[in-house]
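Below, chain A partners chain B and then partners chain C, in two separate complexes.
Right, the complex of A and B next:
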C-alpha cells in the first residue's frame, strides 16, 4: 500500500512536464512516463493482496448460465475472482464481474468479428493487449481492464477510429446516443495527430427507412452480420479493402427485410439512422414510455419516445421471451399513422350524407335511442383488431345487457372455437420455439404475419438446422424450408401418414406445428384443426407432458384476449340480418354484408374503411394514448401505457361504452380500470397476471367430433401487405412508401 | 503583452502552421467499391462459363469439400476473369455466386477486396507496373510514364484498339530485379492466358515489349538485362562459386 502511494507520487512529480519542452513542440497527445514503461508501473502496483474488494454486480443483467457445473472456471478480473462457464469470452467474463468493456463491433446476439479492437484488455503473461471479445477465457486468467496498457491501447484505437470519422456530431442524428461519442469521451484522447484529409464515402440508398451517411461508418460490420444472420437477407457486405473499405450492397439494392430498422439500433455511430426521424428531435428531448406494440399478435415490447403530444419514434425494449431486442419495421415506423386521419369529435351523419360534429351527450343519446328501437337479436358488436381486453369486456357486457350475444372480434372468423384455450394460442411460446427441431407451418407465412416469431424460427433453423415444412401458397422464407403443398390435402396426407414429411415429424425430438390464424376464416376450419389434432395424436411426440408443439399463430393483438373473454357470436350469420351494428375499431370486416338499412356506430381512432359506412362516429383513443391489456399470441398478457395525450375529444374505448350503457339505461357496474379488471378476473383471470404466460392444458380428447369435410381450396395468404394491416398502419405515410417500394411484387 | 507571448511561443505557432500543408486529395488503391450500371456491365446481361471452362469449374470445385464450395470463389473468379477478357462484369460475379451457392454480395466482397480482379474493362494486354518502394526507387515511375506516353492513355484506361491498358500493382515479389512490370495476357481467353513478369525493365525496353506484343510476338519474360541470369548478379556470380560447404554438424560421426 505504502509502496503504491509512493510510486504514484513519484510518477506524478515526474509527470509535470518541464516547461522548456513545451517551447519546442506542441504536444499532440498525452503521454505519461508510466505509459512509456508500463511494465515498471505494473510492477510497482504488483502487490495487490486486497482481500476485501467491494462486491460487484454483473452488468446490464448479464446472467451466468452453467450448462454443466463441472465446466465452471475461475478467472480474475482486476483481481476480483469470477466463476464463469467454459467457453465464455474474456469480455463476457468482465461483464459478469461488473466491468464494462468498451466495444463497437461486439454484439451479444451477433457473431464475433473482432475488428474494432476497442475491447483491448491486458491479460497477464500475454505479450500484447488482447481483444477481449474474441478471446476465450481460460482458467486462472488474470484480466486487467484498468491498467496503463489497457488505457493506452483504447486511446490508440480510439484515435484510429476517429481518424476518418467526420466531426459532424452537431448535425448527426445519433448525437447523444452515439457509442462513438460516449466512448471517445470516456476513453479517447482530447487531441489527435491525424492531419491528413479525411476520407469520404458515397451514401447508399437502403430504402425509405434507413438513412445512410457512410462517411461516419467505422466498419464494425454489425449491420452486415445482422442482415446475414438475423434478418436473413444477404444484401449488405464489406466492399474494398484498407482505407477504401466501405459497407454497401455493390449493386444498388434496397434492403428488403422486414427487420431492416434494427440496423439503426445496432449501428454504434450515425452511419445508419432512421430516415423518418431524421432531424426531427434529439434523444434527450424525448420522453420514453414503456409499452406494447399492437400491430401484430406478437406484442413486442417497445418504448414510445414522445415530445409533447407527438410520438417521435418507437424503439424496441429487451424482452428475451418475446422480441429479444428487435422489432419489425412495421412496429418501428408506423407511428406517423397516429397523427393522420384521426377522429377527434363525435359525429353524426346527417340526411345529406355528411358528418356533423355533435357533442358527446347528443351522440350517445342518438346511439342509445336507435339501440332501443332495434330488436335484441338484430344488434351486433364487432371488436377491432387493436382492441384491448378492457374495452372488449365492456363491449361484451354491454351488449349482453342489451340482450344479445352477437359480439366477436374481427380476425377470429364467423365461428370461433374459444372453448379450449390451447386451441388458439401458441402453446410452445415464442422463446420455446428455439427448442423445436422440426416445424410444420400450416397456412401461415410467419414472415409477414409475425416477423418476430419468424426471426425466432430463423434463429432456431440457423442454430440447429431444424427442418421446416410449409403448407400454403408460395411465399418467400428467409430460411431453408420444404414447400410441401398449397392446400389442406397435403395436411390430410400427413395426418394419414402418406407424406414423406411424416418421418421428419415422427423422428423429431421436439416437433412444432404452427397453424396460421388465416385458417379461422375458412369454412372448413374445424376439419383442418381436426386434421392437425390427428397429427398430434398420431405422433405422440408433438404434445407430451414436457413439450407442447401445437401452436396457433394469431394475426392481431386483440384476438387472444377476445377468445379468452369469450367474444363468440351466437350465430355466424348475425351481421347479415343486423339492424344495429356497433363497430369498436373494426375496419377489416366485410362491410358489404351489413344490410343497407342497418344503423352503424363506429367507435375508433382512425377514419378508415368503416367510417364510410358509419352513421355515428365516436372517437376513441389509440393504443399509445391509453392503458390497456393486450394478450399476445403465446398467451402472455401485457399492458400498454399512455405515452401521449388523446386527440381532441376522444375517450378510452371502455369509457365510451360505459357512458353509453348509462345513457341506454343498462349501467355497467364499473367506473374505473381496476373495476373493469375485477370483472375480467371473473371471466379470464389469466389476463391479469401481467407478463406471465399461463400454460393452457391441452386436451385433444375433449374436442367434439368433427363432421366437416376438408375442402380442397388452397390456403390463402392471410396478410396481403405486411406494411398495412390495421387502421393506424394504413394511415401511415411511411408504411405507404414501404408498400410501394419494398413489398414484393 | 500578446506580442511577448507570441514571441515566446513562436516555434509552437510555426509548428501549427507547418502542420496544415495544402493537401489535395487522398488516393486509394482500389477502384470504385460500388457498381454502376452500364450497357456492357449490368446484372441483366447473361453470363455463363464456356463449355470448356465448365469442366475446369468442376475440376476446381473438386478441390474443396462439397460443404465448403464457397472456398472456390477466388479460383472461379479468376477463371471467369480470364474468360471475359480480363475483367469481371457483375453478371459474371453473379454466375460465380450461383456456382458456389452463396449470396452474390459474398462474391462482390471478395472481388472488391483483391486488386487483381478488375471490375472495369482492361486491354487484351493488361500491363501492371509495380509501384512499391524498391521498384519506385529503381525508376518505376519513369516506366509508367513511358508506357502511358507511348500508349497515349491514362492509368486504368484502355487504348482505342482495345489492346493495352496500364495499371499499378503493389509488390509482386520481384524486388531483386526491380523495376518490373507484369503483362496479363488475355488475348487468347482462359486457354492461352499468361501472366508474365518482365524484370529489370527500362523506359526504352517497356516500349519495345509493348511493340512486340502489338505484333503478336511473345517477348522473352524474366529479366530484360542481358547480363543477368534470372536474379543473379550482373556479369555472373561474385560469390558462392563452388559447392557450398556442408554444415559442420551434418556428419555426426565426425563430431
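Right, the complex of A and C next:
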C-alpha cells in the first residue's frame, strides 16, 4: 500500500464529519451564526484565558513616557497586561500592547472627536462596546479587541459608513492608500443590506490645491480639526445634522492656509485629494525616495514619489524634531516647477545676444579662458539659495585656488558673521520651541518664512498660552500676538528696559528670541544683533546653561551650510568691480550691481532671472536629482537623494566645478562625493553627522563690541510672496495659481 | 518579400577558428550585399552614403575582433553566437521589421550621439573629466 493510498483513506475518514475543517482550512470573511448573537457566544467563552502570551511589541514604535512613575496603571489588552500612565485612552493602551485598533476620526495630533465609532472595543463589565479613542483607560480595565462583540460592532460601523459611500474606488485618487478601503477589507462584512439611493453632496471649492469629492466624505471631521487646531484658520466646518451633515466652508471661500495640503494626507477617504495630482498616477506605480525639502530653511522631511523620470507628487515624512508629519503647501506642490524652464544643455551667448548650444568641452574651455584673463581680485562667486554643501565647498575651494576669496551665499548679506555658530542658527531647535513660554520675534514673519516653525510656535501658544511679541511690519499671524512696533527703536526700548514687554521676558521661564534672516541684508545688521545681545545679557534667563533662547530663523536651505563652510566674501563691494562672476544657482542677487563688461557664468537648473544676464549657461541638476547635504536652520544636516535622473545634458553641481577646475588648470583633489565629504570634514565636520543637531558651543557673549549705529528704517518683510521664493517655485504653474488666488495682498 | 539568405545559415557548430572566421566573412558579405536594398527601404540616401554605412557595419564587426575562440569557456560558441545574432538583426532589417529611426540611431549616428567633439584632446585629462564629458553618472 503506497503512501498516497493511505493519505486518501485518511482524508475520506476524517472528511466524513466536517470536510472543510481539518485539511482545507481557508480563512474567509463571512458572517457566522456566532457573530449574529454575540452576547451568547461571549458568555460561552467564559473561562478566563491565561495571560501566557509572548510579550508584544508596541505598534509603530509607540513609546510610553511616564511623567510620574506613581501614575502608572495596569490594564489588560486581550489578556496581556500593559503598564501605561494615567490619562491615556483605551486606544493608546492597545497601541502600547501592540494591537492596532481600526479608526477613522482619531488622529494622535488632533483633538479627540469620537464620532466615527470604528474603534469600538469590548471592555469587561461595560454594558456596550466603548469607543476606545475617547475612553480613558482605568486601572485594571480588561480590554478585549478580538471578541465577537467588537467584530460585530466594527462590521456594523463599516456597513453604515459604506451605505452612503460611493463605489468609485476605480476612479478615486485615494484608491490603494485609502483607510476606508483597507479597513472594509479587514473588518467589514461581505454583504450589505442597503438598497435605497445613496446620498450625494455638492463638491466644495477649496482653492487650487485641494480637490473635493464630498460625496465620499464620511464626516470624520479630521480636516475641520486640523484647520482649526494646527493650521489656525477657521475656514472649515460642519454644517447640518444627521444624514444632511456636510463638511464645508461656511461661505463660498477658499481655504487660505499655508498648511492646507495636509488635509489631503489626514483625510481617511478620497474626499479631499490633491488637485494637481488628480488622475495623474496610481500610488502603487510610484517609486518613493526619502529626501529633504529645500524651499525653505526648515529642511522638512519629504518623500518624492516619481514615475520614471517625472516627479509625480511630494508627501511628508515623519520627523518629530523638524516637521512632525506636516509640510507646507509650497513644499507639497512646487514640484511641477521641476519640469518647466529647465536648462538642459550648455549654452554660450553669441554676438547677436542669442544662446547657442555647445558641448560641455567647449563651454568649459571658454569659461576657463575668460577666467584666466580676469585678475584674481575681479573674480566673484555667488552660491544660490538651493546649493548643497558639497557644491559650495567645491566652489570655495576652486575660487580660492584661483586666488580669490570673494565667494558667498545669497541671502547671507554683504558681510555675514560666520565666526560664532550660535549667531546664525536656531539654538533652541525647532522642537525645543515647544518649551518656550515667551516669544520675541524680531523682523521675522515665520508664517511665510518657515511655515513649519510657525506651526510649532502656534502649537506652543495653543498648548501653554505662551506670549508672542512681534517687531516688524504688520503681518498676519494665526495665533495671539502683541505687535510691539515696526522698527529697531522698539528693540532698543526693550534692550534699555523701557518697554512693557520687558516684564514679559524677565518673568518668563524659557523666553525665546527669534531674529529673522531678513535682518542680514540690513546695513545696521551688526547693531541690531548687538541690541539683541544686550537683551540676552540683560535678562539672564534667555541664555543659560540649560536653555538657549537666542535664535536666528534662516530663509534658505543653503544659508546655514554656507556659513558653516565659511563662505564669507573678502570685501562686500567686490561684485561692483567684478570682471568674472560665477553664479551657482544665484537668482536673487541684485543683477544691476554686476558691471556691464563682466563675464557672467550661470550654473543652475532653471532659466530664471540670472540667465538673462548670463554669458555662459552650465546646466546643473536640481535637488531631486542629486545627492547633497543641506543644513537646516537649527543646524541639523540632512541629505537629499536622487529620485529622478537629470534632465538633458545637465551635471551635478560639484562635478561641474570639479571639471571646470581641471580645465582651468587648478585641479581640485576630489573625484567622488566621498572625496568631497572628507574635504568638508576638515572644514565643518558637523555637516557629516547626518540628522544629528550639533549645538553651537560658544555663546554670543564672545562677540566684539559693535560701534555701528542703529538706523530707524523699519524692518521689511523678507519674503514677499510665500509661494514663490526660488527658481523652482517661480517656474511652477501651481505656485503661480496659488499666488494669484491665495497670497495676501 | 520573404527573407532568404540561404548562403550563410549557421548549420552545426564551427569546428575550428578557421571555419568560424569563414562564416563571419560570409555573413559580412551578405550584409554588404543587402546595403543597397536597406538604403532603399529606409530611405537613407539623404543621411548616409553606402560606403559610410558599410564602414559603420564593419566597425560593428571590429568591435568583436578580440574574440578568438570559436568555443568560449564551458562550450559557449561565442563567434557562432555573434554571427547568429547578426543574422537575426540583418533579417529583421531586410524584412522591414524595424523603423527608420532604429537604423539611424544604431548605424548612422552610432554610439556617440549627435554631438561629437571634432578635436578630442583626450591625452592629458583625468578619468573624471573624461567621464564628465560623457555622462553625469559614472
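The rule is simple: the second predicted complex is superposed on the first by the 701 of 745 C-alpha atoms of A that agree within 3 Å, B and C clash if a C-alpha of one lies under 4 Å from a C-alpha of the other, contacts with A are read in each partner's own complex, and residues count from 1 in each chain.
The working rule: a residue touches a chain if its C-beta (ideal position, glycine included) is under 8 Å from a C-beta of that chain, and two chains touch if they have at least 3 such contacts.
Bear in mind that the values here come from a model prediction, so they are computed numbers and not experimental data.
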Inset, instruction - Considering only the touch criterion stated at the top, classify A:239 as touching first (chain B), second (chain C), both, or neither. - result: first
Inset, instruction - Could you tell me if A:646 is touching chain B, chain C, both of them or neither one (first, second, both, neither)? - result: second
Inset, instruction - Return first, second, both or neither, reflecting whether A:250 touches chain B, chain C, both chains, or no partner chain. - result: first
Inset, instruction - Classify the contacts of A:621 with the two partner chains as first (chain B alone), second (chain C alone), both, or neither. - result: second
Inset, instruction - Determine, for the superposed model, which of the two partners chain B and chain C contacts more residues of chain A. - result: B
Legend entry - First, second, both or neither for A:655, with chain B first and chain C second: second
Inset, instruction - Identify the partner contact of A:131: answer first if only chain B is touched, second if only chain C is, both if each is, neither if none is. - result: neither
Inset, instruction - Answer with first, second, both or neither: which of chain B and chain C does A:663 touch in the superposed model? - result: second
Legend entry - chain A residues contacted in one complex by chain B, in the other by chain C: none
Legend entry - Residue numbers on chain C that touch chain A, as the complex places them: 115, 117, 120, 125-129, 132-133, 136
Legend entry - chain B-facing residues of chain A, complex: 22-26, 195-197, 199, 202, 204, 234-246, 248-252
Legend entry - Of all residues in chain A, those that touch chain C in their complex: 359-361, 621, 646, 650-652, 655, 658-659, 662-663, 667, 671
Inset, instruction - Spell out the part of chain B that touches chain A in their complex, as residue ranges. - result: 8-9, 11-12, 15-16, 19-20, 23, 25-26, 28-30, 33-35, 43, 90, 102-106, 108-109, 112-115
